[in-house]
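First up is the structure itself, then whatever we jot down about it.
Labels run A, B, C, D and E following the written order; every chain starts at residue 1.
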Amino acid sequence: MEHKASVLENLGEVRAMIKRHKRNDTLFAALGLLCLMFGLLTLMLLFWQLIADGYPKFNLEFLTEFPSRRAGRAGLLSAWVGSLLVMTVTFLSAVPVGVAAGLYLEEYAPKNWFTDLIEINVSNLAGVPSIIYGLLALGLFVYILGFGQSILTAGLTLGLLILPIVIVSTREAIRAIPVSIREAAYGVGATKWQVVYDHVFKYSYGGILTGVIIGMSRALGETAPIITIGALTFIAFLPPSPITSEPPFLNFEWLSSGFTVMPIQMFNWLSRPDHAFHVNAAATGALIIVVTLLMNGGAIWLRYKIRKNIKW
Amino acid sequence: MQAPVELPISPRLAKNIRRNVKERIIELILMMAALVAVATTFAIVGVLLYESLSFFKTVSVVEFFTDTEWTPLFEDAHYGIMPLVSGTLTTSAIALAVAVPIGTVSAIFLSEFASHKTREIVKPILELLVGVPTVVFGYFALFFVTPLLQTIYPDLPSFNMLGAGIVMGIMIIPYIASLSEDAMRAVPMSMREGSYAMGATRFQTAVKVVTPAAISGIVAAYILAISRAVGETMVVAIAAGQQPNLTFNPLESAATITAYIVQVAMGDLPHGSIGYQSIFAAGLVLMAMTLSFNIIGHWVRKRYRENY
Amino acid sequence: MATITTPIKAEARDLNFFYSNGARALKGISMPLYENKITALIGPSGCGKSTFLRCFNRMHDLYPGNKYQGQIVMHPDNTNVLDSGVDPIEVRMRISMVFQKPNPFPKSIYENVAYGLRVRGENNKRIMDDKVEEALKGAALWNEVKDRLHDLAFNLSGGQQQRLCIARALATDPEIMLFDEPTSALDPIATANIEELMVELRSKLTILVVTHNMQQAARVSDYTAYMYLGELIEYDDTDKIFTNPGRKETEDYITGKFG
Amino acid sequence: MATITTPIKAEARDLNFFYSNGARALKGISMPLYENKITALIGPSGCGKSTFLRCFNRMHDLYPGNKYQGQIVMHPDNTNVLDSGVDPIEVRMRISMVFQKPNPFPKSIYENVAYGLRVRGENNKRIMDDKVEEALKGAALWNEVKDRLHDLAFNLSGGQQQRLCIARALATDPEIMLFDEPTSALDPIATANIEELMVELRSKLTILVVTHNMQQAARVSDYTAYMYLGELIEYDDTDKIFTNPGRKETEDYITGKFG
Amino acid sequence: ADKIIKIDGSSTVYPITEAVAEEFQRTKGIKVTVGESGTGGGFKKFCRGETDISDASRPITQKEIDLCKEGGVQFIELPVAYDALTVVVNSKNDWVKQLTVAELKKIWEPNSSVKNWKQVNATFPDKAMNLYGPGTSSGTFDYFTEAVNGKAKASRKDYTPSEDDNVLVQGVSGNVGGLAYFGLAYYLENTDKLRAIPIVAKEGGKPVLPSEATVMDGTYQPLARPLFIYVNATSAAFKPEIKAFVNFYLENAPELVKEVKYVPLPKEDYDAVKTHFKAMKPGTGFNGTSEVGIKITDLLSRIK
């Protein structure tokens, strides 16, 4: 049959063509690597610059000193404590609500317009720019609800900001749990909530946590909404302690206290005329990145561990 | 066998009221949590609309969209949003011009060329870029990228849209790369096997089969990236200049909607003044822009969802 | 037909079932389950075996839009378990189910078996220990796992996992047990184990099993029902069905001419 | 045994295959593929049929860590396609494959068929048109699609999609065609179509087909190989295998006693 | 609850107040927050009673006085330092040797069409001019427009405005054709990148560079200006910590003002201000209008 031998006859030609095509492979692989490295190298360059610039401030005093007009003396104490407290509020507001909402949408919500409405809302909120959350906070929390420029306002604002992240990651984690597990639980007579709590929630926990960490690390670096609520101030003190020595041992005054957070402090230092402050700013930037890296790294590690442990 | 007749329900099988009530209450609580998302949207839209309405009592909508100057805080105030919109669109376009090619190529590389191990390592690292505070990127644009650009364009002002846009592009590379890679991963292996079985090379398979198959996911990633760029604040506030300027020339400095909002917020917030209201009106425009991008993105994904 | 002396544990009466997309998956099925007997459901893929089985413990209630029509009457209560006034949870507490693919919870072996009891509010450790042991013995798994009750269930082999799922279902003393192709994911040895176990369990409860392995149906069941396209084509003593089926379609299927 | 006059197109010689996890999926398989004949591979699920088939076009190279041992020699050139010096792309240009589930590309019908030609650098529209038509005719699909060549391939029915995949594989004039359970996702009518097509194609090329439908093997193939647990248990004329198998295991499998 | 002293206002005065606040907290342990919303922004909050003290780089305006009246806030006006509003260009700019007020006006007046140095003075090169200046809520903006253009807030609008003075520094230092104006301190911290322009007050006069000396001797005109803090009178009377803070402020001002590179008032002026505060006399010596080149003692004596 004439056409049968085609490849064999032109073997030389075919080989040359394959070689040509493979060169495209190599070229593209090189280009791809280059593109990837572009992003990675930029990150490293940036990080390196911050480290090099902020190097003189890498000491413990930087964390134990208040901001000061003297760059050499100025530290991050009020800023990191502020960040910690704001993050606490963010965590406490976003996580329970986000997880509950994720559980509802994935396990309970019937398929109707109402659920669609919620779904559309969640996915849209995920795309709303952070500055808009700042405007919401300004209009709603600061003025209408009268929370002022407080830790509570900032924490709730960032809480709303990361809510979609928590909801989406909760839903993704839940979806990884096979139907067969749910059916098994229902099969032995579990109620819906028992199925949801004992199984769905417990097994997706790690995945949810990953999302929460990623959300929190995003919140940690947010600057624009905090500026929008008007919290760009010199704060050289700590908010009232949440724990007191007398009963009831808890104190909520800190919620209404003024505050500063790390990115804001960094911003403030960068706007100083004296260059010595830019060292502090660089050190702060490096610190934020390190914390972010640690958090993200933790999340990635967690994700990896989950994937390794549970194979459905 | 007898025809079905209504049978009484034995107590052992009847509904357990207490348990059912408890279940309903739990469901209600969870639903309330889900409603927070709806409430947030309504609150955002409500706050923006409320303050904007006061704003539009002073400023006509026509002026708002046709005036070519935006100077609400000056004595001789003009309220034309277009200079802010032009700044926003220009910086976003530059960002996309950087991020789309690099992000897409990175995604193809990660999905089709890199080994499993490389992907497992690189992808999370790439995602770390998303976690870097944007203030840091802002100063990176101002102190590093712009001076670099000034060696090419000596007349480039220190605040310019080009530098800010490029850095914003770098910021959204991981976003595009990661989402596009997800879309490509979702293309079933059988599709690739089909191509390889025909004697195609990796590059041919990636470009002729996998990318077209994942195109809706990739386009959705682009659109969501636009929405990210349009909403990005600190980079443009720090590096693009804060002067409302009706121009699409990347070599000029200009203000974006977001930059205007933080600039005002950084100064003072005289509650109830026209200046205060103006940031909400600007915010409303921003919200409308990002919202429409998000909706288009979702629509693309839904409409052209791959049916392999 | 079956001798009338055997008591009926449950029976389907003119049962129709509609999936949420409107597809009618069961068409007027009427069929008894005799007490302490094994009834097998056979038929080609997609004929509605699983659908029918899952009506018994109202599993379809989990997915909105599904609709039952007709009755499944459970004895001695003489109650239609499909009645809207019946609590599906109560039904599932009396009718348990074993699935096609072993689906243990990612918990310890002990906790897997104990789960049905916990769901019922049982918290007494002593009672629990006893019940777990009893169930594992009943599922012929006790000897293999007694020294590692607190190991993760995922570490068991496929066959062991399936027996664990049986133990889990047994722990709550169900009256009826439903098996949906319980051995299709298992190797021959594990299959033989499970089959043996089913035969043993028969003395304690009533069994309905879906299988598409006809040899299996012939080996383990007392009664066999042949379904096709949502209809019950033939129901009879297993021996009769496999030696002298009443219908041409059944014969074609059994002899492998079709399917 | 086959008559010695029929030329051999390819043969496996003591072929072993190891998946990246170290599992040895093929154990010393030696077997010929006779030219212009259909060889069927049967055996229970997991016995290595697909694994064996996919060695012929080096499909396993797509996943890192897989290892071949032994040879698959192709005639008349006597090339060992598993040789590390042989480019898998070159092999795949000579040996094409049709998969279990139809997997058309998300392109038009025309572009699907033309793909193999484009990959080979063919750009001439005239030649392309001719080849596409020829291939579609070869796959008995031309009449059904000739008026909508630029429709998306996804809009075809399952059986049509599978024939399209066959046309795609045909368009490049392969010497051998591999079919991995090509009809298992299809309804009986589409199945009959494909089977007919395979028999027709035999005159042009050599076919290796995996099936777990024994009737299918009996209907279409000239030679049949029975595999079990990675080993080739028996290879012979199809008639012989199905009427008078040489091995007890083969007989058990064919009569349905097992599997 | 803890006592907190809330201060907001001028970004020019911010470094001084911040220094005082820092020392005050260190020695007295009372919490102080200092914002920098600009003079105008600060007054808005101050008149709503949200802050105890407002920093200002210009006197309070009639509008703001009315606002305070509305909010029931009485204030005590206290000058705390001098500043020289400095006009700067890039250090690579070698063509501008001096600028007259008229030339500044030409550049900055409303609807000014100057886009090129050549348009200012024919001897200047043909070079694009990029302008940077404080935002509209800034006291510096008000003062400069008053002093140069003759009317507070009357300014051209097509320049890069920022409440963050460092943005302005950055703008000019990255741009050979750049020009900006802001407080002296920001210039003194950036003398490597910027060059201050000597200002000619009246046609034919002598060009004067901003410095401590030229401010003190009154020759740097019209851009030398006093800086103020405004204290809520009720707070001052009833909150001991506010009183303590203001006294601490005035006590340490000479040293701290110098440290942050501003010009302290003469000693006798500080004494007069202290006395004025002790007397708790509310009101302003400006009557809601700005005045260029006034003496502190005169000012204080106007308030009855």
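Going forward, contacts are C-beta pairs under 8 Å (C-beta built on N, C-alpha and C of every residue); 3 or more make two chains touch, one makes a residue touch a chain.
Each chain and its UniProt protein: A = Phosphate transport system permease protein PstA; B = Phosphate transport system permease protein; C, D = Phosphate ABC transporter ATP-binding protein PstB.
Remember, it's a predicted structure, so these values are computed and weren't measured experimentally.
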Rigid-body rotation angle, chain D and chain C, from Cα fit (steps of 5°): 175
Chain located farthest away, centre of chain D as origin (C-alpha): E
Two chains sharing the most C-beta contacts: A-B
Geometric centre distance via CA averages, chain B-chain A, whole Å: 15
Euclidean distance of C-alpha centroids - chain A vs chain C, Å: 47
Whole-Å separation of chain centres (CA-atom averages), chain D against chain E: 86
Shared-contact residues (touching 2 or more other chains) in chain E: 37, 164, 167
Set of chain C residues in contact with two or more other chains: 89-90
Residues of chain B whose C-beta touches two or more other chains: 19, 201, 204, 266, 269, 271
Footprint of chain B on chain D - complex, ascending: 57, 59, 62, 64, 89-90, 92-93, 96-97, 99, 101, 103-107, 115-116, 118-120, 154, 165, 168-169, 172
Residues of chain C that touch chain B when the two form their complex: 11, 13-14, 30, 32, 70-71, 73-74, 77-81, 83, 85-87, 89-91, 94
In the complex with chain D, residue positions of chain A that touch it: 1, 3-4, 6-8, 11, 14-15, 17-18, 21-22
Residue ranges of chain E touching chain B (in the complex, touch as defined): 37-38, 40-42, 44-45, 110, 128, 130, 135-138, 153-155, 157-164, 167, 170-171, 173-175, 178
Touching residues on chain A, where the partner in the complex is chain B: 18, 21-22, 24-25, 28-29, 31-33, 35-36, 38-40, 42-43, 46, 49-50, 96-101, 103-105, 108-109, 117-118, 120-125, 127-136, 138-140, 143-144, 160, 163-164, 167, 191-193, 214, 217-218, 220-224, 227-230, 232, 263, 266-267, 270, 281, 285, 288-289, 292-293, 295-296, 300, 304
